[in-house]
Amino acid sequence: MVFEPMVEMEIPELHDFLEQEFPQVVDELRIEALSVEAITVRLKVGDHHLRPGGTLGGPAMFMLADVSAYCIVLSRIGWRPLVVTTNAGIDFLRKPAAGRDLLCVASILKMGRELVVVEAKLFSEGQDAAVARANLTYHIPPEDRPQEVILYLNKQGAENAGN
Amino acid sequence: MVFEPMVEMEIPELHDFLEQEFPQVVDELRIEALSVEAITVRLKVGDHHLRPGGTLGGPAMFMLADVSAYCIVLSRIGWRPLVVTTNAGIDFLRKPAAGRDLLCVASILKMGRELVVVEAKLFSEGQDAAVARANLTYHIPPEDRPQEVILYLNKQGAENAGN
Amino acid sequence: MVFEPMVEMEIPELHDFLEQEFPQVVDELRIEALSVEAITVRLKVGDHHLRPGGTLGGPAMFMLADVSAYCIVLSRIGWRPLVVTTNAGIDFLRKPAAGRDLLCVASILKMGRELVVVEAKLFSEGQDAAVARANLTYHIPPEDRPQEVILYLNKQGAENAGN
Amino acid sequence: MVFEPMVEMEIPELHDFLEQEFPQVVDELRIEALSVEAITVRLKVGDHHLRPGGTLGGPAMFMLADVSAYCIVLSRIGWRPLVVTTNAGIDFLRKPAAGRDLLCVASILKMGRELVVVEAKLFSEGQDAAVARANLTYHIPPEDRPQEVILYLNKQGAENAGN
């Protein structure tokens, strides 16, 4: 029998989570698609994101990558408030197109018992070339690693050996 | 004769720059100290930075590191609106202390003709152990590299060979 | 008229380059595939790569990612000896499988006039889950940016604005 | 009573460890200094590290940073063969000076129960400006986290909350 990863939290639950945990930004964000492979999150670009000249700043892009990655992690392990970002890297590749929303596509590279590694790409809506690329690592602390999560992760077997 | 790097923009000019370029966050930021070696920038932590439970989020820390690094770059080369962050990495080390401002100390590791590399550490005010560590690279595009900057940088000589 | 990027150096020329520039490791490396989109490079894993217990060390994986990325950059701009890695990040995801070669698949995320950003994934031969993920940035110094490269890059147009 | 971190493995023990775990490179490496704050490791630069033109390659610098960081981690928690690098980032800042050894100074930024974050700087001997800067994260797997390590780390208390 092959074990299949499952989505533990669907889009409406993730929106509830964002509303509670990120009230300042929830109105700007919308999860557009979610599967076990990937999540797509939209940032509705508003004037307050823009620097003079109409450029979207790096911190807004970092926020979008972090929230998207966090959501796909939670979609797989359920609402765990103690999960934290431990490390992130981002390459800013191109200037985002003026007047367009930003879309982030994130997927899980490694789902470990303690560490989850996510990669994300950001696109100006309607364009093929990514404006940024990010990698983010999340840590699931022991207090937030109840038996069922351990069992769930154990089923993923040898491939996740190491961490 | 030994060439000494100089501060080209002082704290009041950098505050003017922040007011113009980062109007959304300028009220939360204050440059506390500036020398050719380092800059110290305070983030006045407010409720809107906090997630439930009182934790300061990663994106706010990223923003503080990016703005601080950007300011020390400009302090050395003057106001160049086309300078952009090309790459950043951040390790989140500890939970910031509740109810305390965050201080960022940033310094230039490499001042090149085209690339500037900055390192930054973030501290909860009054505490010794850093809550985060970041590295950030900025690119000075050719249009923003007028002759005097070239001359200025040339004086730094062989140590900056490479980029 | 749409401009198409071209391969400027094919596999035999890249092997010549490796032989000249990386004589210590050329015998362990073989470029398996090359297109404008991606390169695949094999590391023939030998005993001297292994730590006791049969694990392939991080530095060998870093070397494979760096050489692969460097080769795809050169395949697009031609042999430029002054191109240097300026920044790299790597996530080690899983233990490589014992007794298997390592394959690196690298592709260009951004081909700029001065900076090239590459992403790479490493796999144990025959396995689907990546053992590592890397991002690498290369700098093309002005001396190595002859007119034809500028013209070539100019044709890529607005999408590469910024750097 | 204030808890003081201690050195659990001294230089001779770390050299024994290198000899057993890194037989291919042990002859090139020498630990020059070790305290609870920092480690200094020398890479005796030989012809086989150099690329034509006499440049030391990025992978050799990565190896030096990784081994140095690994050694300071082990110096604090003792010989734990399952500790692995999970993430690393490196900025290459300047060309190393020709014909000089490379020195790496590494220190621990965060000593957690499961994750250890190290920063490192590399210098050409006798020069002040770093040739590279690196950050590295190590994971201590549960099997390698015996009771005495837990107790040891527990004493470090609230500062290490989070991971």
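Going in written order, the chains are labelled A, B, C and D, and every chain counts its residues from 1.
The rule is simple: a contact is a pair of C-beta atoms (placed from the backbone, for glycine too) under 8 Å apart; a residue touches a chain by one contact, two chains touch by 3 or more.
Remember, it's a predicted structure, so these values are computed and weren't measured experimentally.
Taking the mean of C-alpha positions as each chain's centre, the chain lying farthest from the centre of chain B is C. When the C-beta contacts at A-D and at A-C are tallied, the pair with the greater total is A-C.
After Cα superposition, the angle needed to carry chain B onto chain C is 180 degrees, rounded to a multiple of 5. Rounded to a whole number, the gap between the C-alpha centres of chain A and chain D is 31 angstrom.
One simple way to say how far apart two chains are is to compare their mean CA positions; for chain C and chain D this gives 26 Å.
Separating the CA-averaged centres of chain A and chain C is a span of 27 Å.
The set of chain B residues touching two or more other chains comprises 84, 86-87, 89, 91-92, 95, 137, 162. The residues of chain C lying in touch with chain A in their complex are 89, 91-95, 109-110, 117, 119, 129-130, 133, 135, 137, 159-162. Against chain C, in their complex, chain D makes its touches with residues 20-22, 24, 48, 51-53, 57-59, 62-63, 66-67, 81, 84-92, 95. The residues of chain C lying in touch with chain B in their complex are 84, 86-87, 89, 114-115, 137, 139, 141, 162-163.
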